[in-house]
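One structure is given below, represented as structure tokens, and several questions about it will come after.
Letters A, B, C and D mark the chains as written, and numbering starts fresh at 1 in each.
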Amino acid sequence: MRGVTGAFHELDTTVAAIEDLKKKRLGDVTVYSPTIRHELDHAIDAPVSVVRRFTLVGGLLGVSFGYWIAIWSSNYWPLVVGGKAFASWIPYTIIGFEVMVLVGALSTVAGMFINSRIPRLTTTTGYDARFSGGYFGIFIACDAAKADQAEALLRQHGAAEVRREA
Amino acid sequence: MTVKKKWTVIPGFLALAAAATLLSAYSGASSSQGLRVEQPVKFVHAPHVQKAGMNCLYCHSAANKSPDPGNASVATCMGCHTLVKAQSAEIKKVAAYAQKNQPIPWNRVHKVPDYVQFPHFRHVNAGVTCQSCHGQIQNQGAQGPDTNYVPVQQVNSLNMGWCINCHVQGYKPAEGARLAGEKVTPELEAMPPKKARYDCAVCHY
Amino acid sequence: MTTEAGTGVKRREFLKILGATGATTAVVGCSSEKVGKLIPYVTSPDNTVPGVSQYYATSCRECAAACGVLAEVRDGRPIKLEGNPEHPLNRGAICATGLAGIQGLYNPDRYRSPMVREGNALKPTTWDKAYELLAQKLGEVKSKGQAGNVVFVNQHETGTFPGFLDQWLKEQGMPAHLSVDSTAPIATIAANQKAYGTAWPALNFSAAKLVVSFGADFLDGWGHSVPQQLDWADARSKLDVAPRLIYIGARRSLTGLNADQWIAAKAGSEMAICAALAGTGSAAAAAEAANVPVATIEALVKAVADAGNGIMALCGVTGNDAVECGVMVAEINKKGGAVGTTINTAKAHGSYTGLASYADLAAAVKNMDAGTVPLAFVRGANPAHTMPKSAGFAAAFAKVAFKVSFSSMPDETAQMADLVLPDNHWLESWGDAVGENGQISLQQPTLDPVFDTRSTSDVLIDLAKKDQALAAKYNVADFRTWYISKFPGGASGFATALTKASVAGAPLVATTTRTLAATATPVAEGAGDFFVQVYPSPTLGDGAGANKPWLQELPDPVTKIAWQSWIEVHPSTAKKLGIKEGAHLTIETAAGKVTAPAYIYMGVRADTVGIALGQGHTAYGRFAQNIGVNAYDLVSHGWDSAGGLAIGSVKGKVTVSADSSPLVTTEGSARQHGRGIAQAMTLAALLGQEAEDEHGHHNIPGLPSQDFRTGLKAPIAADAQGEYANPLAKDKGMYDAGHSSKMESRRWAMTIDLARCTGCSACVTACYSENNIPTVGAPYQGRALSPVTWDERPGANIIKGREMAWLRIERYYEGNENTENEFSPDFETRFVAMMCQHCGNAPCEPVCPVYATYHSPDGLNVQVYNRCVGTRYCSNNCPYKVRYFNWFGYGEPERRQYAWPEPMHWGLNPDVTVRGKGVMEKCSFCVQRIREAEHRARAEDRDLNPDEFTVACAQACASRAIIFGDAADENWTVSKLAYDRRAYHVFEELNAYTAVVYLKKVNYPAPAAPATA
Amino acid sequence: MASVAHPVREGIRGPNIASADVQLPAVRDYEQVDRDIIATLGFTKKWFLGLSVAVLAMLIGASSWIYQIYWGLGQAGYEPPVMWGNYIITFVFWVGIGHAGTLISAILYLFRAGFRTSIYRAAEAMTVFAVMTAGLFPIIHIGRPWKFFWLIPYPNWRLLWPNFKSPLVWDVFAISTYLTISTTFLFIGLIPDIAVLRDKETNPMRKRILSILSLGWRNSDREWRHFAKAYLFLAAFSTPLVLSVHSVVSFDFAMALTPGWHASIFPPYFVAGAIFSGFAMVWTIAIPMRKWFKLEHYITLNHLDATAKVVLFTSLVVGSAYLIEFFIAWYSSVRAEQEFFWNRVFGQWWWAAWTLLLCNMAMPMSLWSQKLRRNPTWLFILSLFINLGMWFERFVIVVPSLSHEFEPWQWGHYTVSWVDMSFLVGSFGWFFMWFLLFVKQLPVMAIAELKEIVAPRMKHGHGHGHDHHHAGGHE
């Protein structure tokens, strides 16, 4: 994928650049940052993550499986213990709860992986090792034509370095 | 695209694992099913049952009155075999034991663990045919002791699920008769399956 | 070891234990990980079916009483002894000693062949060589004309053999044998002969209003404990007209603990009390002598007078004047006119005919010491252990030129012998025994000899055959053929007699009778400020039982101590001398001294210390050797006018040592802390004359709606399902009343009558025998104290509380809280048998993660060993603490803790799984017997008959305190008893709906004294 | 600003900063964070020494396990009726310790407690390893460990399933869930940090491994967006999980009718105790770490002060629970209960009971003084005492209750054996082995999250403006 990468050393300049780029509509913008900064989130203002749906579905599946396995297995071979009902739902709530947490949490993670496309072991264009350290990065996916424009814009916003990705 | 393919492997693998578990769980795979042990004397059931037409109880005399089916004493063997086939190599072995006044150290094939109480007579008296558990025992060794001899073999898993299955679903007389090679009468077909207790303390104490 | 072909399928050989199976096939659990052998008969014995028990009627020879027993034989091996219900003497009951006969038979330390002395060691030899040697010695003795000086000491027994033996000896020109029994109450026998003209009149408790026992432990060892216990319990169960029991003595024995009143009379003061009762002496004098309040004696005198011909006075005193005392006690009965009512002289017992006294034995020892004895035989008896050191037996015996022992165990005496001709165990030999006069019961072998042993009667015949002079007379194959030839009715008569428990008749050769009389050689009372009470152990007797782990492991019914010797001191004495429990005390008497840990017991006088016989063996096998001390060392060599050893009147010094050792006891707290485990009520309360007492109904306040109804909730579904079960559950499986298995229609339950229970503990041993319970106290069974050292103290595991007894007898005291400050005899003892209560709402069940324990439809709390993973949560949650865990591989032959060293494992019950290490076990209500009965009924195509069978403990119980059955069927006895006026459940406030119902003990306070229930 | 170039010397009597507000004044910029944290990863002699000691201890435990399986549980000190002993005590002890981590990373995260940022990674790792340790003990404890899998529901030819009514099965579910979730939580948090290591790594082999572990993390806005959401929901799940796990463990006791166990107060009481002991263990680990790894200006006295407040609070909760137990026993007028509790403090077990009261109730009261709250040495010493006290708390719950139950005839004693002790030693060895391996392979502090509270470079505008309302927040 071709495009332009810009490395910034300051947060505020990065933010400015992002906002400007979004106005210009030069292409899809990917922002790299060593950590989460709300300033960046505001600038990008992306839709709310869909991970929460995974969580909900996982949780519901978990709790119903938890109850089901407990109730089904105790009716499958009915053995009386302590004069209690074969399937006594009160204690089974614990099973339900634990399985809910287990499946819910794991599906949350799965949701995160799927949505943020990890694990990904192939190299990505536009990424630079500094972006996990002290630098912020902006990658604009665009063709050669728009590339000059993008490069100029990044430099104007004071990018420490600008690189063409071919 | 290739990446996508890669990840589709994972659910596939999981499915495979699950299948394997279930298979090992419900097949007799984990039991001593198919166990086959060489015996000190190459005994053959077929001639005794089919040619001589002997009843199982002739040798396993306690099967219908004791938890322990019992096994023919050497004297019982020699009862006939002093005359019958006295010259055969295998019979000579038996005779030798009789001479030394020693029992024949048969190797045990069908064995439930010691914590399982299996009263043979309850089953025999309920009409369960020997073949229902021991397979086509009456044909064992039909080929004779010399050429491609097949010793007695455990055909069923004899594991707990296998026992319980019959206790819960019930023993089907017609099925048993069919296995025993007896003729299946309509009455038998009509008979309801004989269910049995499946309380743990019926077999485990 | 002889692996004799023909004894049939060796079920034992391939009954591998759970643990091993579990271990080797971790995942599979069911597989032939090791191909077992399938050993058929060589020739099938007729009338036996492999895997089905046969019962042979024979006679128990563990003591002189000779009860009738049935030996359960499976595949050619006796696996359990049971009382013979048809035998007039024991009527189906049996004692712990009798039950342990099996372990005598299969004892791993038995001589496995004849032994001959080479240097200082006994070496195995063959029977032919042994015969040759003995025949030659006999020849020498006779040729030298010394036959008259030969001594033959035999364990006292009745029947034909003693006469047969004397006849044989006579033919050899030898004097009649000495029939010795160191635990026989010789003085009492002599006194009985003097007073009633018979050795042992029947004691008719049901006719008694008052029983006064002068140290006679008639429930445990004195006379014939089993029949006496049967009659006593029956008498007591007639609650309102039951006899009161007053026990007089310096120490409360088991009988003493069962007494309603204990008069703690000083040792040797019995005569004075008798005098007061006979009117020849004053109450004051008696009180003075006995060191008890005058009022007590006066009350006693009055009570005896009131009892009239309902009086039964018994004397078990031993001491210099024991015989005279016995006679005076008999006078009390005569005075009351009780002879013929409570003392039944018409129905006398012949078990003491021909008994030789201690004095007779002493005389023989004297001759040995003089060196005039060329040849001595010892059979059964073990004088080297059961005679006081001061008798000098060992030294004297050593001087005998040639010593022959017939002992089958390497006991102290046999170890000194030059030739050992091991006798068969009584379960391996033919014979007979005298019961009540005019009755004999036959004794037959139940298996081929386990080892290369021969019964002495056969040996005598063989020897005679080697002698030309006699060969003609003994022209028979063996004793059996000889016996049959002489038996009235010959072979056929014999055959019919064999099937009967007991037949009219007499020994085929009359027993030489002896009169028990000797010139008394009084024992000097000796210095010291303590009376020393030496008494035969209820479990080990004089030590004969010490080689049987069941008896070693069985806690002494009084002190609850096992695998150990102990010295009893009163709490007040202990406080005075600063004795802590377990501190080592040394008793020193004129005769000698012993050291043992202290047991603080409020059942001895403050001026008395008690110690039991039985331990202190220097030989006699792995289970007996080097355990405890031999209390005979305290006893002086002297006898009363009947020639009985004067054990009673010894005084001694007691010194406390700094070091101590823990008591091997199963006792936690001997007090109930108001928890209503063993409940009691006074007779008055029972008759409604006074209000219900302490544990009336709520010992813990609760809602009336939560109260537990008496008896059992029936039908069983109500229990199994509990209150809170979901009635809408679709499939209730076998818990459904309509289910085809019909299990749900039964409710197995048990009642235990505390008014009958005497605490004798026979049920405990019966349980060990029936359920393959491992003994854990043997010195080799301990745990590792460090990577290299092991705990080899006897009973090490029991000190750790790891005994495995599924059924235990708890002994709780009531009253007498302040006894460490001042002596007081007024305390009550309650015995309660505690085993799994098979709760309907069992606390142990829901906590098990794998359903290894659950409630079966027929009302059992089932423990599935092979499902158990050993979390032990069930035990934590069991209020009754009746679950036991296999801490070691007691059932695994390859572990050092193995409980059944070859061939002891032959005695295991093949119907019960041998538990491996790491699993929980507990009382199963003998589920194997329930199933067997169901199988039988099914095979005969019928339903179970009421009281058709019972569990092992109930079967053995000589006081018939335990009743088992189906509470859902009103035709079973148990279902009636469960609703008895006295019924209660232990910890009923815990709402467990137990299936075991206890019936309150009934107390009979002295008419004057206030109720002490 | 130059003054903060080197670690600040904070006065013993520092300002009493609110826990939510704890900041890192001494940390200048992102590069410094990377430098300081990565600096902790170098191997040292001391570390190798510590590791070998831990491994040795672990081997002692392992060998005694083999020994015990061969002979049977009799080699342990069990003394019926005390059927549970050292193993269950140690199990509960480690599970308790395993609570601080997730509490800090999840609950404090939801509460936006600023001081969590620099300690939560270490605490989480500690949690995972503590639960790994705890999880072994139920297996060690049972009579037939090779049958342990029967507690897990799986289809089998026996057609048998575990008994879901049994608290022990609840345990299996609770503990395994907790282990899984806290491991996941730890790993998710680690992903961006591993990415940092990856990008700084020069050795190609290690770089390869790290890039696999980092799952190709790129710090892109999309990744961060989903990461933040996932992290939030994991925290939301872990919060009730933390509370449930020790409640379930407490059910092992509370569900039984044994006097001294059968109490409805157990769940909250156990959870408080767990947090209490967890924080103590955090001190035991963090205080030396802070010194050896020169992290004083990441784990500041303010941080310790804040944790000390938590410890003080939980100590009060636990203390009142003890007292309430006695009150209820008296109030119930159930004789068995009353006698048991009397026996606990004045009977045969007085020494154990008083040890725990001293360590868990009395000594933490010292934390009322800010002077001591800000004294690392004292906190370290105190943490050791609290660990001891909490072990004895479990001892007092398990042993005296069982030894003094309903049935007086079966009252007994208990003494541990050398086998028990070697398992205790082994458990510490096992725990520290893992922890030591961890601290040298992976960052002991959350680099990415530290960067959140460190001021980013700005071209214009305020230099070190920390936006407090967002401290530690991901949105």
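The rule we apply is simple: a residue touches a chain if its C-beta (ideal position, glycine included) is under 8 Å from a C-beta of that chain, and two chains touch if they have at least 3 such contacts.
Not measured: the values here are computed from a predicted model.
Chain pair with the larger contact count among A-D and B-D is A-D, by C-beta pairs in contact. Nearest to the common centre of all protein CA atoms is the CA centroid of chain C.
If you average the Cα atoms of chain A and of chain D, the two centres end up 29 Å apart.
Inter-chain centre distance (chain C to chain D, centres taken as mean C-alpha positions): 57 Å. For this pair, chain A with chain C, the centres built from the Cα atoms lie 79 Å apart. Each of the following residues of chain B touches two or more other chains: 30-31, 159-160, 198, 200.
Touching two or more other chains at once are residues 29, 733, 843, 846, 848, 851, 854, 867 of chain C.
Counting partner chains per residue, chain D shows two or more touched chains at residues 158-160, 162-163, 165, 169.
The touching residues of chain B, when paired with chain C in their complex, are 30-32, 35, 37, 61-62, 65-68, 70-76, 98, 101-109, 111-117, 119, 121-122, 125, 158-160, 195-202, 204-205.
If you check the complex, the residues on chain B that touch chain D are 21-22, 25-26, 28, 30-31, 157, 159-162, 164.
Across the interface of their complex, chain D is touched by residues 22-23, 26, 29, 667-675, 677, 699-701, 783-787, 797, 800-802, 808, 810, 812, 834, 843, 846-851, 867-873, 875-877, 879-881, 884-889, 895, 897, 917-920, 987, 990 of chain C. The residues of chain C lying in touch with chain B in their complex are 5-6, 9, 11, 14-18, 21, 27-32, 35-44, 49-52, 733-734, 740-741, 743, 851, 854, 856-858, 860, 862, 864-867, 911-914, 924, 927-928, 931, 935, 938-939. Listed in rising order, the residues of chain C touching chain A in the complex are 719-726, 729-733, 735, 840-846, 848, 851, 853-855, 993.
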